[in-house]
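So, here come the structures, one by one.
Note that subunit A is present in both complexes that follow, paired respectively with subunit B and with subunit C.
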Partner chain A sequence: MLLHWDKLGWWRWVLLAVTILTAVFLLLPILFIAALSFGSSQWLIFPPPSWTLRWYDELFADPSWLDAAWTSFKIAVVVALLSVLIGTLAAFGLVRGRFRGREALKAFFLTPMILPVVVLAVALYAFYLRVGLDGTVTGFVLAHLVVALPFSILSIGTALEGFDKSIEDAAVLCGATPLEAVLRVTLPAIASGLFSAAIFSFLASWDEVVLAIFMASPSLQTLPVKIWGTLRQDLTPVVAAVSTLLIALTLVLMLLVSLARRFAKSS
Partner chain B sequence: MPQATALVGPSRGQRRTSLLLALPALSLLIVFFALPVLALLLRSVLEPAPGFSNYVTLLGSSTYSRILVNTFTVSAVVTVVTLLIGFPTAWALALMPPIWSRLVFGVLLLSMWTNLLTRTYAWMVLLQRTGVINRTLIDLGIIDQPLPLVNNLTGVTIGMTYIMLPFVILPLYGVIRRIDPAILQAAALCGATRAQAFRRVLLPLVMPGIAVGGLMVFVMSLGYFVTPALLGGTANMMLAELIAQFVQSLVNWGMGGAAALVLLSVTLSLYTLQLRLFGTSGLGGR
Partner chain C sequence: MTPFLEIAGLSRHFGSFVAVRDVNLEIRKGEFMTFLGPSGSGKSTTLYALAGLDTPTSGNIRIEGKSILDVPPHRRNIGMVFQRYTLFPHLTVAENVGFPLSVRRRPAAEIAAKVGRMLELVRLQDFAQRKPGQLSGGQQQRVALARALVYEPPVLLMDEPLAALDKKLREEIQCEIRRIHRETGVTILYVTHDQEEALRLSDRIAVFSKGVIDQIGTGAELYENPATRFVAEFIGDSDFLPCDVLAVRDGLASIGLSGGLAVDGVPLHGNPAAGKAELMLRPERISLSRAMPASGPALPAVIGDLTFLGSHLQVAAATLDGRALSVRLPFGHEVVGSLARGDEVWLSFRPADACAFCSAQGGS
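What follows is the complex of A and B.
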C-alpha cells in the first residue's frame, strides 16, 4: 500500500506537496538569475523596474570575460580529449585484465572523486610552485585531468562491461587483427559511453573552480576564476548575464547527452 | 593465436597488456595526485620543525576548534535537512506516473549540472539584505528588519542544502524503486496500519539508502570550499577554507598540511565505514 501511488490515501498529497516544493526550490534560483540578467536594476531588485540587455552588452564589451571563457574552453577541450583517450585505455585494462590488485587499482583510480578537492588543490599548488607549472595552461590541463579521469573510467568502464566480448572475438575469428576488432567493432559499440565520458570530462574542467583558483595567475584565468574574483568584490548583474549563458549551455549539453543515450538504446 | 587465448583465459602476455593499458592513467595519478598529496601531508610533521606541533596548535586553539565545530555542525544540519526533504521526494518520484517524475528529474538534473558558482551566486542574491526573501517577508509584515541570512552559517546551510539535495534524492530513489511492493501489501494484509507499515517495514528497507546518501552528503559537506566561502563570509570559516587560507594568505604549509590531514582522515574513514557496512561507495552523478 505504501508503494502504490493510488493506495497511499492522504499520504499521497503530503508526498506530492513536498515534491512540488522540492522542484520549485531547485528550479526557482535558476529562473530567478536568468530573469535578473535582463533586469535593469544594478542592485538586483526583483521584480526589476524595467528590462534591458545592458549587462550582456557590458559582458561582451569586456575582453577579460571573453579571454577567460576562451581559456576555459581550450583547457576543457584538451582535458576532454585526453581524459577519453587515457580513460579508454585504463577502462580496457581494468575491465578486460585479470591481474592481482585489479580492485585496488580501480579504487585508486576513483579516489580523486571522493577526496576533498581543496586538499588536491593545495597539494598540487605546492608541487607546481616547485616545478614551475603554476599559471600555465599545461598545469591547468593536468590538474583538471586528475578530477576528470575518474568520470571517464567509470562511464567507459560501464559501457565496456555491457558489451559482449564474443562479438569482438567473432571479428578476430573472421580475420581482423585484435586492434582492428577493437577499433572497428568494440569502440563503435561503446560510442555513447565515450561520448558521455567526453561531456562529463569537459564539464568537470569547464566548471572547476577550486583547483583553478590555485592554478591561476593574473595573466591566465579561467571563467570560473573570473566569476569567483568578481563575486568576492560585488554582486554585479554582469555575473547574472554570464550565469544565464552558462545555464543555457547546460541545457544544450543535457540535451546532447540524452540524445546520445536514446541513440545508443535504439542502435 | 588470438583465438586460443580468447578461449583459455588470460596469458601472461595479456596480463601485461592490461597493466600497460592502465599505465598512462596510473602514472598521471601518481605524479599529479598521490605524490603531491603525500608531500603535503608530510610537511605537516616536518615544517617548521619535525614533530607534531602543528597538530597541537590546530586541535588546541579555540579559534581553530571553533572552525572544526562549525564545519561538523553545518555538515550535520545539511545532512539531516536534505534527508528530511529528500526522502519524501524520492518516495513520491518512485511511485508517481512517469510523466510527472520525468519532469521533476529534469529539474533535478538541470540544478545539478548548472555551474556551482551560478547556483551560489543565485543564493547570494536571494538571501541578501535587500533580496527577494527579506523583502517578501517585510511586505507580508512577518518581520520589521531584514534578517541576516547571508555572511553567516544560516546562509551556508541554505546554500549547501540546495547543492546537496540531489545527492540524497538519487540514491534514495534507486533504493525505493528496488523494493518489492508485495512486501508492503503483505504488511497491509497482516493488518498493519499505514504508520506501522512505514515504521516497521518501509523505513528499515530504505535504511541503506538513507545511510549511503546521508554519509555521502555529510562527507562532501565537510570538505566543501566554494559555497561556504561565498555565503559564509570570513568570520564564519569552514575547514576547507581554513586549509586554503593557511596556504594562500599565511603561507604556513605545515598548518595547511595538518588541517588537510584532519579533513582527509575523517573523509576516508567515513568512506571506509560505508564500504564496510554497505559494500558500495555510493559514487555516481557528478
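What follows is the complex of A and C.
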C-alpha cells in the first residue's frame, strides 16, 4: 500500500485529529438530543440541571404519539414488502436482461434518489387530489414506494450481479423449472441483499417527512409528521424522547443488516 | 441402427460471427467423447447446445433417434458439471446432491439412500453436512459430479471441470472420473483444451478448430494419422519443414526438401494443386547419427541446445537452412554421452512416420 499508517510520520496525528473531529461533528447532535431527552428542563437547557424519565412517561401516555408510530410502522412494513417484491423483479430485468435502453432504464429507476423530494411531493399531491388518494394509507404507501424502490433495486441488483448465473443454470439442468430454480436457489443465495433492501426501504418510509407532510390529514399522520407538527406548536422534550427512540431503532436495524451480511459471507 | 446420440449439421451464429459450423458427430452409448480445442473453437458452444442452455442456429441433436431441441433444459434429463463452481451455496453437500431428486418429488428415504451412494462414489461420505464454502475446489467439483449423476442421466456433459484446479489435483480427479465412468457406464461428453487430459480420459476425441471439427478419432489415431496441420500441432509435439510436392500417387507423395533431398512415400493431406506443402516430423520419430545413414532420407543438421529430461534427452537441432527440429533420444542411446553443442549430425526418419500437409495459399 502506498499510504501506510506506519510510513505517514507526524501526518498520522493530523489524520487522527481530522477523523476524530469528523466523527464528533456527526455524532454530537445525536448525543445532544439523547441527553436532552433525559434532562429535567422544560426549556431544553443544556447541560440538563438534573435527569428524569418524565418525557418518556408523557410520550407513552399520549395515544396520539402511539397512533402516529403505529401508522408509520404499518406504512413502512407494506412499503418494505412491496419494494422488495417490485425491486426483485426490476433487478432481474436490469441485471439479466439484454435489451436496448437497459442502461437508460436503470438510470430512470434511480431518479427518485436525485430528484428533489419536494418536487415529487407537490406533483403527487396534485395528482392525489384529483384521484382522491390524499390522506389515505394507500396514497402514503405509493408515495413512499417511489423513494424506497431505488434502494431495493440497487441492493438486490448488486447481490444478483455477484451471483453466478451458472449456479441457476445448474439447478435447471438438475430438473428444476426456471421459476423453481430462482425460488429455491437464486433467491436464498441473495437473501442478504433482499434483507437489506427490506430494511432500507422500511427506513426510507419510516423517517420520510417531506412527502408525508403533503400526504397527511388530521386523522392520518406518521411519526415524522407528528414530530414536525409538535415542534411548530410547542417545543417540548417529548420530541427529544421520540427522536432518541427513533435513533435507537435505526441503530438496531442497521446492526441487523450488517449481521445479515456477515452471516451471508461466512456461509 | 440409429446412433445413441447424434449431432447433425449443427451451426451457431452470433451475428456475423460463426461459432460452430456444420458439426456432425455420432456417439455410442457409454462412450467417453472429448471435445478438444483452443478457447473459441466452438467446443463449449456445442456442449451448451446439447444442454439446452444455448439454441443452435441450425442443425439437430438427437438422442436415440428423437430430437431434443424442442425439449426445455430442465426436462432433458442431462447431467452437467460446469467449469465454475456451481454448488448451491446455502445448501449442505447432501442437500446439493439430493436437489435433482427433490425437484423430481422423490420420497425422502429414496433421496437419502441415493445421496449416500453417490457421496460414496465420489468418496465424500464424511462431508455430507458441510456447506460448499467449507470445501476445496476439487471437493466441490466432486460434489457437482455426484449431483449430476444422482438422477442417473443417460448423458453427462462436462465443461472443463478441472480447469481451475492445480496439476496434481487435476490428475487425481481424472483418475476418479475414469473410475466413475467405468462403474456407472454413463455416456460422457467432455470439453477441454488440455491434450493430455483428453488423451488420458477419452475413448474418442473430436478436435475443434475455428468452429469446425478437424478430425474425430482415438488418441492413437489422431497422433499417428493427423488429418490437418492443426491436429498434428495440437496432439503430440511436432516440427514442420517447408517442401515441394513433386508427385502424388495413392495418397502418398514424393516431396522435395530444401538442399535437394527428395523423399518418396510420405502420406499427404489436402489439395496438392499449389505444389507447396509442409512436412511434419515428430521429435520421437527422428533418429540421430554421426555418420550419414546408408539408406533412407536423412538431413544434415547442427546441434543447438541439449536438455536432459530424466527418461530422455531433448535435442534442439537446426537444419542447414536454419529450420528448427527437435529430436527426443531415449536415455542410453549410443551417442547421448558424447553429444555436444555445435556437433554436425544426420537426422533420419521413415517416410511413413512423417506426414505432409498441403499449404492452402501455397508456401508458408
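Keep in mind that, in the parts below, the second predicted complex is superposed on the first by the 264 of 267 C-alpha atoms of A that agree within 3 Å, B and C clash if a C-alpha of one lies under 4 Å from a C-alpha of the other, contacts with A are read in each partner's own complex, and residues count from 1 in each chain.
In this text, contacts are C-beta pairs under 8 Å (C-beta built on N, C-alpha and C of every residue); 3 or more make two chains touch, one makes a residue touch a chain.
Computed from a prediction, not measured in an experiment: that's the story for all the values here.
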* Classify the contacts of A:189 with the two partner chains as first (subunit B alone), second (subunit C alone), both, or neither. => second
* Residue contacts with subunit A in the superposition, subunit B compared against subunit C -> B
* First, second, both or neither for A:173, with subunit B first and subunit C second -> both
* Asked: Do any residues of subunit A touch both subunit B and subunit C, and if so, which are they?
  -> 169, 172-173, 178
* **Contact footprint of subunit A on subunit B as seen in their complex** => 2-3, 6, 9-10, 14-15, 17-22, 24-26, 28-29, 32-37, 39-40, 43, 85-86, 88-89, 91-97, 103-104, 107-111, 113-126, 128, 130-132, 162, 165-166, 169, 176, 179, 181, 184-185, 187-188, 194, 197-198, 201-202, 219, 222-226, 230, 240, 243-244, 247-248, 253, 256, 260, 263-264, 267-268, 271, 281, 283, 286
* **subunit A residues within the subunit C interface of the complex** => 164, 166-167, 169-178, 180-181, 184-185, 188-189, 191, 266-267
* Asked: How about subunit C: which of its residues touch subunit A in the complex?
  -> 51-53, 73-80, 82, 84, 86-90, 99-100, 103-104, 131, 133, 144, 147-148, 151
* Which residues, counting only subunit A, touch subunit B once they are in their complex? -> 1-5, 8-9, 11, 14-16, 18-19, 21-23, 25-27, 29-30, 32-33, 36, 43-46, 86-87, 89-90, 92-94, 96-99, 105, 108-127, 142-143, 145-146, 149, 151, 153-154, 165, 169, 172-173, 178, 200, 203-204, 207, 209-210, 213-214, 224, 227-228, 231-232, 235, 239-240, 242-243, 246-247, 250-251, 253-254
